[in-house]
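Same chain, two partners: chain A is paired with chain B first, then with chain C.
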Partner chain A sequence: MIRNNDTISPYQISMIVIMTIIGVGVFSLPAQLAKTAGSDCWFIIPIGGLISMVFMNIILLLNNRFPRKTLPEYAQNIIGKIPGKILTALYAVYSIVFIAYEVRVVNEVIKAFLLFRTPSEVVILSMILISTYAVRGGVECIARVMEIFFPLLFIPLILILIPGVTDIEISNMMPVFYNLSSKIFISIPALAISFAGYELLLYYVGFMENPKKAYKSANIGLIFITITYVIITILCLTVFGVNLLRESIWPLLAYVRNINLPGLFLERLDAIMLAIWLFTVFTTIISIYFVLTYSLSKILNTKEQKQFVLPLVPVIYFIALIPDNIAQAREMPDAFFKYFGSILVFVVPSLLLIIARIRKLRGESL
Partner chain B sequence: MSLFNKNKKDANKDKEIKNKSTDSLDINIGKVREILKNCDDVVYKEFVVGEEQKLRFTLVYIDGMASRNLINLSVLETLMVEARVVAPDAPKYKDKLYELVRYGNIPASELKETEDLDEAILDILIGDAVLFIDGTATLITIGAKGWPARGVNEPSTEAVIRGPRDGFVETFRMNTAMVRRRIRDPKLKLKQMRIGKRSKTDVGIFYIEDIVRGQLLNEVIRRLESIDIDAVLDSGYIEQLIEDDPYSPFPQISLTERPDHVAAELYEGKIVIVVDNTPFALIVPATLNSMFQSPEDYYDRWIIATVLRFIRFAASLIAMLLPGLYIALTSYNPGIIPTRLVLSISATRQGVPFPAVIEAFIMELTLELLREAGIRLPAAIGNTIGIVGGLVIGQAAVQAGIVSPIMVIVVAITAIASFANPSYNLSVGFRMMRFALMIAASILGLYGLTLGFILIVTHLARLKSFNVPYLTPFVAMRPDELKDTILRAPTFNMIKRPYPVSGNIIRMRNNRASINQKTKDGGKNDKK
Partner chain C sequence: MRKAKTLFILLGCMLFLSGCWDKVEIEDRAFVLAIGVDKAEGPSEKSEDLVTEAEDKYLFTFVNPDTAKAEEGKVNEYVTFQVQAPSYTLGITRLLQSFSKFHTYEHTKVLIFGRQLMEDPLLLKSMLDNFGRGHQFNSSMYVFTTNNRASDIFEAKPKMKGLLAYYITGIADNEKYATRVGKVTFLNFTRQLFDNNGDGVIPSLDPHENGLTSSYLAMIKGYKYIRHMDGRETKAWKWLNGEAKGGIIEIQDGDISVPYNYPSFKRDIYLDKIENNKIYITYDLETEGSVEEYIIDKKLLDNDKLQQLERKIEQVIENDCKDFVKKMQEEYNVDLLGLRDYLYKFHPRVYEDVMKDFDKHFQDNIVINVKADVKIRRIGKIE
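The block that comes next holds the complex of A and B.
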């Protein structure tokens, strides 16, 4: 009954999927979608979820071909040692930029809402350093952190979102399904970014004792996220209307800010919202951070990933400081993830799967 | 169980006796006197037995540790007086002197024989009496332990309103008896060992054989056997030597003074370590959740227990977060609290020369000071200190303009909240974290407070107690276990034992269904 070190349970896979994918993007998601899809922004989320589900299951298929192996291990099997390592390095680069982007957005939000005069360096460094503690604990610790933050995130979130329901204006959802097909196409980048994160399953499923169980739990996780996104988007859309939503930067925060609860100890709930949002960002960061250090340890053939955690802090820190302002920071994913990210998330796993099929490669069965 | 086999082998090896006793009483006693030189509390009672008074005996024990009553009645009286009726020195018993004494003449319940002088001396030091017989190498140890012990009292650290009032005492054997009285199951095992090269302290490991996880048991035994220390004065020594992360502020082994608590934990498949000379037993593995539980929760009805549990969890959060929150809100983000409250806070803070951090630190430190002083002082004076201190920090400090009244309220709430936790050492952990969070909040406001909170939660998630994750029912989730967390499900509903159990996971049959069925059938004539 007691699990050995470094194994993950199916339930923990659900948690990893949920807590990794829901990250900084959840604050701005409704606005981004409103820009591309107008009043149908809520409806295209399930479509995005379906697309993600297809690619996620490709990843799971690949992992099930090589049970108890992670991407750096089976990539070397499939395409050879050096190319495998190069591929792992690409994922490491992707991870490092991903983390940098997350902490940079944290910095922007914190400076806009909580600490107006604190230097960015302090905000960014403190966030990264806090994450290192969890990452040094290894995959098991990360999985447990995900599990414990899940209720800490969603219970307050539901409690906070409910009071705002009074401001809902259903007519803001009109017109429905207007020119849907073209909207879907242009919304895909925004959707892909907000669903990004499940590619980490390439690594995490490798820690499961029975990867077959990952199908169910990962898909449940993705469905859960889709529902959460839809609810959040509908709430923001019906409260603000399309035009206002398009212009806002952090619509979810604005939604919470809008809630007025006279007679409560806290007048503005956005502080609590920010706190629990930091939870999700934190879990996203440690999830990617672990993959980053793990990749490095596999490239350099070391036994542990611990020693890579602290040396990476300055690297992430400098990458996070590259964009000059918030506008640039938000363009980071657009430029970077659109091409590089989509190759790693969509193309590479499919290709690996095809090659493995053709070469009839298989890991040791259970 | 390879571990036990190994123990047996070790025991056999030790059987090569270094200091063997001889046939001669004088040589034996001489050796004992040599080893126990300058131990003036050792009593050597020499006497002769038999019709012809030719058999020489010496009884050795430590004054005060062996029960004089028992020695007088069952050893001296029988041997010296009654032995005249059945003369041990009669010719027909000549060869069987030892057997006669061993099996016939000492009406004591606990007898042991040995030929090892070192073992005999250890027995003497433990409080038994050892009988040396002239002409026989075998020594007879008479279980005569009887020293003045504290009676069974109500435990002072884990008071309950409803539930048994007996608590552990300092005597090992009484404690084990109190546990055994609650579990009349042959599967309840007690493995005893002595830890401490000089103190030779009795340590007992309680477990229920078919519920406990074998792996856990082996791990506990392994860790206990690896202890190499000269003295164990309290279970705290053992706790610190076997816990998983000695650098964590949170305790990973829970303590209890209550035999009913011990029994409850044993029934859940845990292992309890009872140590001599202390009323505190150790329970492993401990989880954060288990430390929020009081035995009373299970004696009360479930609705009451659930409410109390909820209050405890909330109280711990308050004890940890409230001062930090106050600092963050007043010095960085006053906009979050209602305008009128901000105005009244700032009005009361008008004369205060310090920033909120210093103010909070002054008050919190004063409070900790009072608490510590109150514990150290005798009870009567302690109360006085409490009242004086309360007045000083409550009234005078505000009037002197050192702190604001709001701060006094915050500190008072935190103090009360930190007492609401049933586990003393866990609440100390939360108290220490409070200061860390206050510093974090003073540097980075709400952001710092949140990061600090994240760090603490991460630390808790990282911790393990004997390979069981510290946050167990919340992580490594099985829905059944959530029935005994913040919610305490109705008793008939908690059918399964919680997580760390191996076999025998079902602990009860849901009796509700049959009761309902019977009331339906038999209740036809009733009004309802």
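The block that comes next holds the complex of A and C.
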């Protein structure tokens, strides 16, 4: 198999995990969890993180069985050529809808808070077109973009969240662990979209020189995300209280909007917050976008993935415009990520691993 | 070829960069510093763009700084604009028909609801929704009501020159020195009503000839204004809800007036026991502070004397609070004591039992005791 010598370092794998998973979900996550879990919403996140960690490590096990190979390659090995291609196609479909959903939600937030008169077409297209530039650079380029954006995103994010701490009311976290068991099962599905993204490791670990090193870095990435989510959820919960949090659509943005920095020319920080957040969505999009084009190149047996990037722009744009309004756009992940997404994330990798074990298949060892 | 490419890129830049849809120059913005909302009076404006004739429900007053009268870069004058409309957005649209700027609310400091508006739950709820839902509003503005019309507030002539909105936020910030002054942000106000099924309090800001005064809270039950509290009740509410940020308690020692100055006030609630369907609750109030006013030929540096004063202050607090609790339970049957919140947070099982018929339980089955613990720590710089 000819490759363009693209390799990823373990550190970059952490970055890819973090920057892919943190996307549009983080803005609405506290509210969605508050609906089902009430004041225990913050506690659901570590549980969700643990579940994700189990399945992420299954993915890593699978990848370590076939070092330096990506899903489209070893899937054809494990379950045969045509079924393997069909499976890859399923992941491609998943990716394209995922991108469209991300772009659409970005558009809704941007239109609601920042650019009221700018047409949706411009917002969506500029978002996708910028991503195409990065994706055409290949996997190494993407990994480096993640590396660069990581500090650009998290340092300002922390700085922005700090001034809001003055409004915290710790007792809003009470009651803790009340009727917890009944809350967990209905709340975990709401996390599906927020933790979605680590399945892309099925592809990215294949670009590593030594996939064994992926265990440590990918798990660190996931822990980092879990902590970030917990902090954000606790902040929103303590500032708004459960009842108000439930009603909010984008609680994190409302949290930032509530901050008042008197004396400064820039009294409101939400524009900065949105700008930072665009980084996270941008990195999520390019990461999935690459998986999409790479899958297509494997299905069609081409050497490069570049040529698929631009033709997909109108397709993504079209899918992004399907939901009629914000309510439909929010229902989209419910049906899509909960069922289709969970099969691809939880069931398929486990099945592939079991089949590979039974058929005693293994990639070339290092 | 290269020249053609460059030219193409430049032309492209011109095409794309000129099309900023959302550009509003700072000169074209009208910064709204305060908003007043009243119930509309008088005949409705006939509107041709409405299919069904909607009655004007609100009277909006907007306060903008008068930038034309800026002195040395400081703006001290302000102008007000009024408009009547059936909804907020329509009001803005009507205003813009005769207005040369575009409203921005990033700097809005104060939101005032008129008395008539507060008496109508539908109107109040609509406005709470509007200011909470609208993307343009910030949630850190202070909320007040007034004893008459919100628009009267903006006609007040404070003695010190300056923008009215900053005068009002200045009063609100004095909450740390005067217990009766009210300060609540829009976010906290809506949260309070949301958490308590529409029961809560809102500080009142009343105009008089020398400016404005904030010294009372107004009671709201089910999103409806009931009445203004008096000074004692206002203080008691602040103590019982742990909202007192500082202030004084005045007692008499013989003929001498002794003001006790406290910089902080702590409140704890305990559920003592549940017996015969009655829930026994204790409010534990704790404060420490100083006395810095007495009489020159008597000594204050005396432990017994101080303890005697402490008991007196405790009695004042306990009496005021108990009267307030009694009034709330027996007369108005509204939980303004933070009790629902406390039970929900710390005794969810008890709360589930009383949740359905909370008002009835509050009236009949909850027994509240108030205990105050006052410490005079300092007495100033002479004995």
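Just so it is clear, the second predicted complex is superposed on the first by the 361 of 366 C-alpha atoms of A that agree within 3 Å, B and C clash if a C-alpha of one lies under 4 Å from a C-alpha of the other, contacts with A are read in each partner's own complex, and residues count from 1 in each chain.
Just so it is clear, a residue touches a chain if its C-beta (ideal position, glycine included) is under 8 Å from a C-beta of that chain, and two chains touch if they have at least 3 such contacts.
Quick caveat: nothing in here was measured; it's all calculated off a predicted structure.
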| item | value |
| --- | --- |
| First, second, both or neither for A:275, with chain B first and chain C second | first |
| Partner chain in contact with A:258 - chain B first, chain C second, else both or neither | second |
| First, second, both or neither for A:123, with chain B first and chain C second | first |
| Touching partner for A:9 - first (chain B), second (chain C), both, neither | first |
| Partner chain(s) touched by A:133 [first = chain B, second = chain C, both, neither] | first |
| Partner chain in contact with A:112 - chain B first, chain C second, else both or neither | second |
| Partner chain(s) touched by A:83 [first = chain B, second = chain C, both, neither] | neither |
| Chain A residues touched - chain C or chain B, whichever exceeds | B |
| First, second, both or neither for A:144, with chain B first and chain C second | first |
| Overlapping contact positions on chain A, where the chain C interface meets the chain B interface | 114-115, 118, 122, 267-268 |
| Residues of chain C defined as touching chain A within the complex | 20-22, 106-107, 135, 138-140, 185, 187, 190-191, 194-195, 344-346, 348 |
| Touching residues (chain side chain A, partner chain C) in the complex | 39, 112-119, 122, 167, 171-172, 174-175, 178-179, 239-241, 243-244, 247, 254, 257-260, 267-268 |
| Residues of chain A touching chain B in the complex | 1-3, 9, 11, 110, 114-115, 118, 122-123, 126-127, 130, 133-134, 137, 141, 143-145, 147-149, 151-152, 262, 264-268, 270-271, 274-275, 278-279, 282 |
| Footprint of chain A on chain B - complex, ascending | 213, 215-216, 332-333, 335-339, 341, 444-451, 453-455, 457-462, 467-469, 471, 474-477, 499, 502 |
